[in-house]
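Pasting the structures in now, so scroll down.
First chain A sits with chain B, and in the next complex the same chain sits with chain C.
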Partner chain A sequence: MKTSQGQIGKNLGDILEVSLERIESLLKGDYGLSKRAIGLFLLQEDGELISKVRETQPDIWPVIEKIIRDTKQHYQQPLTYIINLSYHEEARRIMQTVLTHMPRQSLPFRERLSRVMINPVTGLPILLLILYYGIYKFVGGFGAGMAVDFIEKKIFEAHINLWFTRLFNLFIPWRLLADLFVGEFGILTLGIRYAIALILPIVATFFIAFAVIEDSGYLPRLALLIDRLFKKIGLTGRAVIPMVLGLGCDTMATMVTRTLPTKRERVIATVLLALAVPCSAQLGVILSLLAGNPKGLWLWAFIVGLVFLLIGFLSSLILPGEAPSFYMEIPPLRLPKFSNVFIKTLTRVEWYFREIFPMFILASIFIWLGQLTGLFGLLTRILEHPIRWIGLPDKASVAFLFGFFRRDYGAAGLYDIKKAGLLNGNQLVVACVTLTLFLPCIAQFLMNVKERGVRTGIAISVFVLFFSFSTGFLVNFLLILFGVHL
Partner chain B sequence: MKKIAVVGSPNVGKSLLFNRLTGAYANVSNYPGTTVEVTRGRAKIGENEFEVIDTPGMYSLLPISEEERVARSILLSERPEVVLYIVDAKNLERMLPLGLQLIEAKLPVILVLNIIDEAENIGMSFNLGHLEKELRVPVAATASTTGRGIDVLKGKIEDFTRSNRQKSG
Partner chain C sequence: MIKCGLCGFEFDERTAGKSCGGCSLAKTCKLIRCPNCGYETPPEPRWLKVLLKNFKRPKKDTSILCPVNIEKKQGEQIISLDAMAAEQKGRIACIQTTDRKKLQKLMAMGIVPGAGITLLQSFPAYVFQIGQSQFAIDKDLASAIFVHILGAD
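Let's look at the complex of A and B:
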């Protein structure tokens, strides 16, 4: 991009500049701002001004629209991005002539901390510390461990389940109908118990941790830290926010991929979210499943991390388009405010619950219907085959079938199987890896289709289905081959 | 009455500067059809009285939030005679792009480097003359917390409106 002295904003690319001048010459009438500014807004597809120009000059609009369309085709990146970049370059140039003295010595503590976070040598240990205390200890240990134990054992198993089971068995004489509410997969004993006793504490603790990290201003620094790595997989540091948010809820994160500037980045991010980023509910259950098995936990993290990088790298090779570039506003670091953290956590948990609660109840109803008609048994039996290939007990197929409804629902199913003592160490790792990579939940699938279109959305899901079982198979095979017992 | 619009990103001392210009009386109301609050007050600068509008914080002229949309439509529809673009002097480079957008839109911009005291405390210094020449708009340095530079700013507003009025006849 060329810069010409003293002409503000005139250092746009040639094609963009020519288009802009053509639009300027077409605009007639008074829009309250310079024609150049109006032209720039139109090129950036500003809805308000588009409708204004349409109204004022309806005959000219189609011509302008065509210019905009043609211009867009010449650029890989959105025009907003290119135009902004030229402003930033101009600002940097002006600063060089204007700033007569810039302090170098003794940066304030915040600034020093900020640099330590961005520098790879010091930043990675900091990131690991944050992950260890924020995710492993707080979400895994406190949320998925202590809180789940308490709510599940002290509240549900000791009181609610017993009480309701007695109540329903007393008042509903038909066994079949009572099963819908208090049976093995009943709405109360399974659906609501999973939602409140397992998922709620995990998701709430994750969103608290995320809100604290977000409010402190750490995320943009993490983005800079990880930018170089992400460039290798066709993304930039900008993708850090959807990825980290994906550790909370992949559906929410898929929606947030909108903030990525190019279509290519959005597709890569969506694939990675669907495949290799476990959501907090799933993560929490997996952490507690593997809690007594540190080697297994490391192996799980290693495999999922490897898949993340490998698939990102491969899709950045396959998908057409140029490597993205990246700049980001870095707000100052600050101590998180309690009220901010509270509100953010509350709204996210609320969103999440509105999303999953009906789904959990619906799942119980479907399973009940499925059992009634024998369809459920049929599907579990079909699933038992791939489940056996990856070396898991037949009963795990129920968990995987649940996984179709919600990933975390499936993980929670495994939790019950493990409690029954049906899984050994190896099987547990294989199950966790496969389930982590396994199909996105219904909500995420729908979001994929909504954001990426029907074809891409379905293609991603089919790919994920095959990839997850293949990886499970491979892991199991390698564990047996090398005689590893976890 | 002629209008002065005060614009800038959040947290640059916009409202404090607004208070410095207008004194005690301000009128807060929702911008029509929105939930965004806009504060208006009056200021006497030189011989002229102005209505001063404290616009919601904005990061870019291309709006994303409702606040930014309101700020822009104030600039578009209320035709202020002066647009005071307030920046945090420490972060001038980060805030200059919006300034460039405003200038490019041919709005009557005066650039105000606010919180100049903090910038100087950490050892930054600026050549305001060069900045005026580069941007071709008046530039003033202020510290709205202490009131430093406000009189100079008022003088610049006076000169600016006088010469603009002469130009337009």
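Let's look at the complex of A and C:
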């Protein structure tokens, strides 16, 4: 502030400086900042400081207000512009004395790569390559395919499950109590197996891919590529960050919607995350479910994409508020550092695991209690009706009941049903579409309530529940109508 | 602000109640009374307001922040950033907006009169280089930045 003192007076004539001095002389009391700084903020009509001064010196405020009003009349531009201009001028003066910039004759490689990435003609193929290798091959193929197969079959089914089942059956004579741990839905055989063998490899591989993309500086480039499309759904390119993160964990992404500048954007992003953005665990399971059925996979991606755009477009029409504007700094591209990627992945996986692990165990306990009291059977039978409407076998209702606990838990349930050979191609696509759009998990629901309020949180869930089944019904109906067999 | 359907007087909905004077129904009555001619109309429903707000075209910012007598060197031309061609270089002339937030955003990027600027790309977003930094902005923000084009006719 001291440096700018002389500059403001020198550059802009005496009027602003005189007004500033008059305000300074009027200010009494402790504001935690220098009087000059307070004066500059008041001249720029800073809301927070105006109310503070009004509160502290109510008798003086009208005088200060008149000074501000009179000063404004002397300038064509807002005072904030005039004052900021002199800050920039001073910063430029200091920089010129200490910095000599010698630009290179040719563009460096990373700058050329950056230009290729932001050009729509070359940028879109690059985006598809990143999605294909980063998400489909690495998360879907390696994480959800190879890693899950290995941990589930070689570790859990071959050793841990057998060993624990034997152990429990040997030491716990009561069948009912043993079921809690090693039964069909037991804590060890189902809860921990889902968490470690199915979800962990998928989530870990996604977060590795995300950290590499994030650290390379690709996200802002993706944001500018996608801005025009996102404007149609009431968002800006900036929203690409929570959306891509949502492909990892929707709960984490809902928290990140805070970075969006307007309330309207935050609500639209929350609705879309709850409805049409599958989390990595869910995505991984769906990718492996539809791995042998490329037509089904394309249809699933098309329907979910269509719902994303349609609901975004409709909510942008309904929700009040101004159209947002897009601005973003494009940092230079950088080679990600292994240690950073490792630490980021580990932190995120730990956060995710802490979130889901107790939930999975709790789900097993609830199901066990439900089976004991007959409530589980009753709920499954109730759910069988909407399940039949969307053309799925009765057994799929168990997967949907799991889905109430967590969406990925539901998708993992579907994995077991597919393994048993109970679903044909069409049913698989309908089930995957409905479960993708299905209710947000408990953690995401709580985050929705925390970020958007109880009313909006509940309203989003109710809407999502009805919308997911309606879409499932419609997809099934259209597949039958057109005689499509996937 | 609402416009009276009878006399065309523009007034604020919140202050309209003052013109009801000592009317005994003033507390429960929902009608809005024009302070100029006394004509009464029912208020617009909230849902209609929300709908209309979304369909209404935003008013174009016509107020001029750029000083009229910007100093121009010989052979220079002033155009907005969204009218520039890719790879074209220039010097910022002024920012034309009355929106405080917009102004602050642009100034935070270092867009101040006199700064050198190069437009790198104009589709799908406007990407420009200013100093050592690159930024991407949309058409709305780009149209508020006016640039002296070097060496133009």
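Methods note: the second predicted complex is superposed on the first by the 380 of 486 C-alpha atoms of A that agree within 3 Å, B and C clash if a C-alpha of one lies under 4 Å from a C-alpha of the other, contacts with A are read in each partner's own complex, and residues count from 1 in each chain.
Quick note on the criterion: a residue touches a chain if its C-beta (ideal position, glycine included) is under 8 Å from a C-beta of that chain, and two chains touch if they have at least 3 such contacts.
Everything numeric here is computed off the predicted structure, so don't read it as measured data.
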Practice prompt. Using the touch definition from the top, say if A:177 reaches chain B (first), chain C (second), both or neither.
Written response: neither
Worksheet item: Looking at the overlay, what does A:36 touch: chain B (first), chain C (second), both, or neither?
Response: first
Worksheet item: Taking the superposition as given, does A:46 touch the first partner, chain B, the second, chain C, both, or neither?
Response: first
Practice prompt. Examine A:100 and indicate which partner it touches, taking first as chain B and second as chain C; both and neither are also allowed.
Written response: first
Discussion item. I'd like to know which partner A:80 touches here: chain B for first, chain C for second, both or neither.
Written reply: both
Worksheet item: Looking at the overlay, what does A:88 touch: chain B (first), chain C (second), both, or neither?
Response: both
Item to complete: Tell me which partner A:382 touches in the superposition: chain B (first), chain C (second), both or neither.
Response: neither
Worksheet item: Does chain B (first) or chain C (second) touch A:108, or do both, or does neither?
Response: first
Worksheet item: Considering each complex separately, which residues of chain A are in contact with chain B in the first and with chain C in the second?
Response: 80, 84, 88, 101, 329
Response to the item:
Within their complex, chain B touches chain A through residues 59-63, 69, 73, 75-77, 79, 92-94, 96-97, 100-101, 103-107, 122-127, 130-131, 134-135
Worksheet item: Can you list the residues on chain A that touch chain B in the complex?
Response: 6, 8-9, 31-34, 36-37, 40-41, 44, 46, 48, 80, 84, 87-88, 90-92, 94-95, 97-103, 105, 108, 329
Discussion item. Which stretch or stretches of chain C touch chain A in the complex?
Written reply: 50, 53-54, 58, 65, 67, 95, 98, 100, 102-105, 107, 109-110, 112-113, 115, 120-121, 123-125, 127, 132-138, 140-141
Practice prompt. Spell out the part of chain A that touches chain C in their complex, as residue ranges.
Written response: 76-78, 80-81, 84-85, 88-89, 101, 115, 118-120, 220, 223-228, 231, 236-237, 317-318, 320, 322-323, 325-330
